[in-house]
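Residue numbering begins at 1 within each chain, and the chains themselves are lettered A, B and C in the order written.
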């Protein structure tokens, strides 16, 4: 099958099967998405970052924790592409391994938070009544505190480290998802097609899982992508304040924290991980923005 | 002639290419009542808005001739357009719930329109607003003037809208489905009010609607639009002699009390009409 | 309240040891423990905590050995001063930018403003602060270094409001005023950019929504000028929603202040909070978190109230 046949199959006005219709719809979304250069840029950067983190051991030129005290705080050169830090460790290799820590934290938070928020929101929105009141009160309590400060207090209460940072961020990140899913569910719940499904005798669980949750997914994906950048920033801030990943771990935020005292003279040492954070966060923001335009056009 | 339009086309860009919404519409309007009838998406509304250049910026408009009282709309400056819009032509939209500014009182919206052209003081404008409200047969003018749009009924809101557009004494009134959002009884009242005002002031009226019998009752001439073209133009009395199959189809789909039918026919569309 | 309390009590660092050091003899430790009421069950401790809270007593900070209330009174004005200046600047720049982007939606101006805003969302605020120090303080020498005032000016102006800029104006001390302003410029600028990005983005989204409204077509059909259509009709309709955004942004600034204050050594509540955290100064952490939480909630309520007051549609 040549490309043109694929395209006509995908863009067919009269799809022959459900699969063809579904893939046609996805292909059209992809066409819309591709037309947005900013979003494509974000996607490319995000993919490159994920690949770089996955293949860090192959791409790294040095062991990220190998110290070379004679050659500390070196300027970028052929041997050390991005220079060395205060213990003579290769910044480029640390950056790659740091990406694993950062992206790992982001993914863990999202995996914990998105299903939880979706479940809480759908249940609260679908059943209403006391379940709604109770769940939303709990949500409000968490929303009442600024995210970073609550996360800081949580981490301090457990003890500083990657795991507690993930838990702390997750604990502070789920309420907006619940709110969003609830709002979507409320608007879906009273539509005629849900009434029709209910008339055919479908159970509440089936309605929520098969009809309500999938419709919330679009805005949820957008929200998750945009949120990834803020998770990256919160994680980095925690690291920077000494409450996230602990040195010698090559987490980007803590790399800046330890190199901060050299900032006025060897400014590139803390600046390079800072740029990494900025690029990663920007990539997810661009991607999320583009996804929103495609998946959720009403909310531009 | 108030409005002259020849071979008007309007297109909108979409990811799949340009979408032709209006494909060569020609019409003229003097001091008369012209009805434009067609289904949703037939291009009637945007054709009328093109006269006031009120289309979204991405719309691509071309025409051999597009004039308002001899002024070329295609080349007119924004300043000239503003002089036409407020002073010489008014536009009434479908649903006053959306077409009135929700955070301004009815009175201040009318006063704003009046002041924009007549350059009077605030007090004069407020008084003019009350006078205009009484002209559209509102009894409790002070209460209505002080009310916000969401506090008014649909019929009241549409009267406010009419009063606002009549403020600068325009020569042309474009009414874009002015009664579609209203109850049937209120519809008749609003139409009678508009007819009265238009004929008393000697204005031209362009009435856009999807209700063929209503328009033919009310207007001197009727243009029937389908898929971006005028398929038929009729004098109001000649409705029964309509030739185009689309117009005939529309008429046949109407239930009547005098000749009841067991089953209403379904509209059959011929792809040839699109050509 | 319960949340802050629990956070404090499950801290792994024993507060007793934090006070007297870990070499104290066992009987001293026991005595201090009883003195602090830490030997009683958790719910009794919580009861006592709430009781004290209701009487405006947040306990005593181990680090500064002042009461936490005193400490907060001392550090809080600095944060408020910083956040207020930041939000004023952010609003004055962000709102017009957002409106401009919406009016020119799809143009190069719009794309430029969008990128500017996305960058503001994406840059870690401490990086921005560090870069600002490097460029304006170390390289260009335009701005003074970290802190709130030069040593020469410290303590010169009598404290009236706690806001250094206003206090120096009250004292008619222009040198102190300029010094305070110069020190304020950098941290406030960094925070302002951060919140400007959010404000401009929300303004743009709201404006796009408003400009698509039928009443905007009505306003144009009335022959009003473009400026009046945009500002009186479209913007008038989003002003109320923007007030909510501003309240939330202001609350968010308190969060940004934690990091910014640390970088600029700004003696505000944020720095107080981080230093207390690192020193496991439980009462101080609890107090500061509680105050921030209360302000956050108060701002939310205020935004709701503003909505009801300003929007004729909500009765």
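A few notes on this one:
Criterion: a residue touches a chain if its C-beta (ideal position, glycine included) is under 8 Å from a C-beta of that chain, and two chains touch if they have at least 3 such contacts.
All figures in this text were calculated on a predicted structure; none of them were measured in a lab.
When every pair of chains is scored by its C-beta contact pairs, the maximum goes to A-C.
Put simply, the chain farthest from chain A by mean CA position is B. Separation between the centroids of chain A and chain B, computed from CA atoms only, is 49 Å. Centre-to-centre separation of chain B and chain C, using mean CA positions: 52 Å.
Averaged C-alpha coordinates put the centre of chain A at 25 Å from the centre of chain C. Chain C makes touch with chain A in their complex at residues 3-4, 6-8, 10-12, 111, 114-115, 118-119, 121-127, 130-131, 133-134, 138, 205, 208, 251-252, 254-255, 258-259, 262, 273-274, 277-278, 280, 285, 289, 292-293, 296-297, 300.
If you check the complex, the residues on chain C that touch chain B are 106, 213-215, 217-226, 233, 236-237, 240, 311-313.
Put simply, chain A touches chain C in their complex at residues 38, 141, 144-150, 152-154, 156-159, 229-230, 233, 236-237, 240-243, 253, 256, 260, 263-264, 267, 270-271, 274-275, 277-278, 281-282, 285-286, 289, 299-300. Residues 49, 52, 54, 58, 78, 82-87, 90-91, 93-95, 98-104, 112-113, 116-117, 148, 150, 161, 164-165, 168 of chain B touch chain C in their complex.
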